[in-house]
């Protein structure tokens, strides 16, 4: 078999970019609220259903994309203000368990409202690769994904390093009491973190679904697990770790899928997780005390 | 967890009796703190429950078997979460390990023409060993991890299960799973009871064994070490406890209990398939633990009963309502998930000590009222 | 700066105190730490709260800044009762708290830490000017503006905490143990800067100190707190002269 290494690498990078974006959404909430948002996959799926229907109604992909961002933001706001705010903060597992409850509520509501069928999600650009001579290089859709994620990363980097709100969000995440003493409204920053994170998560899920089986209430389950693996490898505290680990795992999984079949990918993830945790429990990047008990 | 911390502390203080085994059916006598007393309570409870099987029709005995199988898993999980603060979202995977371990062993033995007690007991033993071994591996990988990371790891494992069964479909039967050839009820009983009733007996015995052993564990030095590690890892380490070992041990025990639960399910349903141990089911186990009352064995029993009864009740209601077929098929299963999810959120926020916490509080109130009336 | 607020608020009033605390009760859980504390800080003055360890000095500051809710009593600032106002709102009124322990945010640079102090005003240009003014006051910080908080020395962190508080345009600064663990030279430098600010901006300071002599040397008034109650509130000089009081409560 003639292996299209270049195509696989490009597809893998695009996939990895999506994982990185989704992992970044996890990092955003972790840094803002010290909560690992297990509901992020389900929340992103809700955004994708909104986007799907907006696109179906208007015939315009871009309106759907905007709707995913907006509905994600709204959902993040609602979840933080309506639920997470009331969770016992002294219990480190409480937020995870409540998030699991949200997953169950959101996915079952979607299944009751729209059924469990896979719906094909339109892609704005062809997924067939561009060929140079005989060599398949990369698909326009992969290029689109890479561009969107690059813009997203840049925007987030600018937000956090160049703006007052970004500074306030970072300060509130690292040192809530000191930030309050400096007039930062820490609870608003937390809400903002959720809002931003859910918008990013919705966008990432919207990008990945055309490359998977289609839209379904559980469409983002595996995306969440992949992104969570990325976070374990890269560190929930580290945006840079999320990006690097995301790209790496995207490429690895794409090659695994090409050589061993798509069903093997979830096993590969468990093997990677077990391997990393058994061999280097502190992660592949700098030691992160945050995840060690 | 704070909620369980308070619950466990209250238990230590004596106002909430340590979960004792035989809580499944009916009220139980005041608890005596000796091991012998606990065995007596367990035996009495078991006899009562087995007596109850004579009053139930085969379908209800089947449901009772399911509940007993779930008790094995929820009891293991509640000890893990409550005692060591380790959150597993993947206990369905350990149940599946037990179920497949049981199925493969039972089929192999039946193939070899072996019958009788060996065909009944050896598959259970193999199931528990397999699940414990897998639990040790996962526990070792996860023992150094905080709650959310470990939860993520176990989530990945349960989501990978269908991939495992289809990758090794020659052995594990792919999506269809395996049909399990099992030892049926002994010849002497076949005239007296239906096979469902016999299965309920087996399931109840398994659940009783798990509950007694876990209650013993809670009182033993190992159990105290687990609590020490959860409450303050650094302090535990200073007093010579190896937190890594304690956590792995707890995880292995918990997985073994879940494995026995899976084996019971395989025995009762005569099947082992990936669909039965999916993500939803795994999360249901968590719901059962939390709603029952995290860290308490009676809570694990309440939770397991809820897992069996609530979907039955929902199905009865949706069947009775004049709904179009399409709507019924969409509600089927999903409505239970919706209600369980909402319960999980509400209980965690509003009543984190769950049903058992409410019962303990109620009993305390009644007791204080009676003492007040007698004293005045 | 803060002048608009002051001007509209009290152009006709008597020279009442900027901060007027009466009957303040507070504590943690069941334990009451402060029992009916009365205290007043006139505008532009320095009041030192002194007393033994555990007297409730830091608790007093935490209640005044809003970190700890008051169980009873009133906290009037510039005429308004702030007893139930949130921390973030008190800062907007001009009460800024520098807690003990030099809370530089370790993950942020010196420059970011300083900007943090004035973010709430939302005026970028003014903020830049304020941060630059803070560098002028504490030149040692200017040299380290791109260093992260965790890389600073104890003295630098204390300077950073005070400089950051100044960026917030305080009218009343609540300072907790600014001299703890610092070299006397640095303490002198910090106290000198504060005296300068008081003269220039009319800044009022409520100072909590273990180091009674140095605190009373810069304060107009000394308040002696013992086991959660005020046992004396007098001009600093009078307090230093009262040998009996010194022996009983201040240990020198």
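By letter and in written order, the chains are A, B and C; residue numbering begins at 1 in each of them.
Simple rule for what comes next: a residue touches a chain if its C-beta (ideal position, glycine included) is under 8 Å from a C-beta of that chain, and two chains touch if they have at least 3 such contacts.
Not measured: the values here are computed from a predicted model.
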Excluding chain A, groups that stay connected where the other chains sit: B | C
{"item": "Chain at maximum distance from chain A, centres defined as averaged CA atoms", "value": "C"}
{"item": "Centrality ranking, top chain (CA atoms only)", "value": "A"}
{"item": "Pair of chains ranked first by number of touching C-beta pairs", "value": "A-B"}
{"item": "Whole-Å separation of chain centres (CA-atom averages), chain B against chain C", "value": "57"}
{"item": "Chain A-chain B separation of Cα centroids, rounded to whole Å", "value": "33"}
{"item": "Whole-Å separation of chain centres (CA-atom averages), chain A against chain C", "value": "44"}
{"item": "Complex interface listing, chain B residues touching chain A", "value": "1-3, 81, 85, 87, 89, 137-138, 140-142, 144-149, 151-153, 155-157, 159-160, 162-164, 166-167, 233, 243, 279-280, 283, 286-287, 290, 330-331, 334-335, 337-338, 340-345, 348-349, 352"}
{"item": "Chain B-facing residues of chain A, complex", "value": "36, 38, 83, 86-88, 90-94, 96-98, 100-109, 111-112, 115-116, 218, 221-222, 224-225, 228-229, 231-232, 236, 263-267, 269-270, 273-274, 277-278, 281, 290-293"}
{"item": "Touching residues on chain C, where the partner in the complex is chain A", "value": "65, 67, 87-88, 91-92, 96-99, 103, 105-108, 112, 115-117, 119-120, 122, 124, 127, 164, 168"}
{"item": "Complex contact set, residues of chain A against chain C", "value": "164, 167-168, 170-171, 174-175, 177-185"}
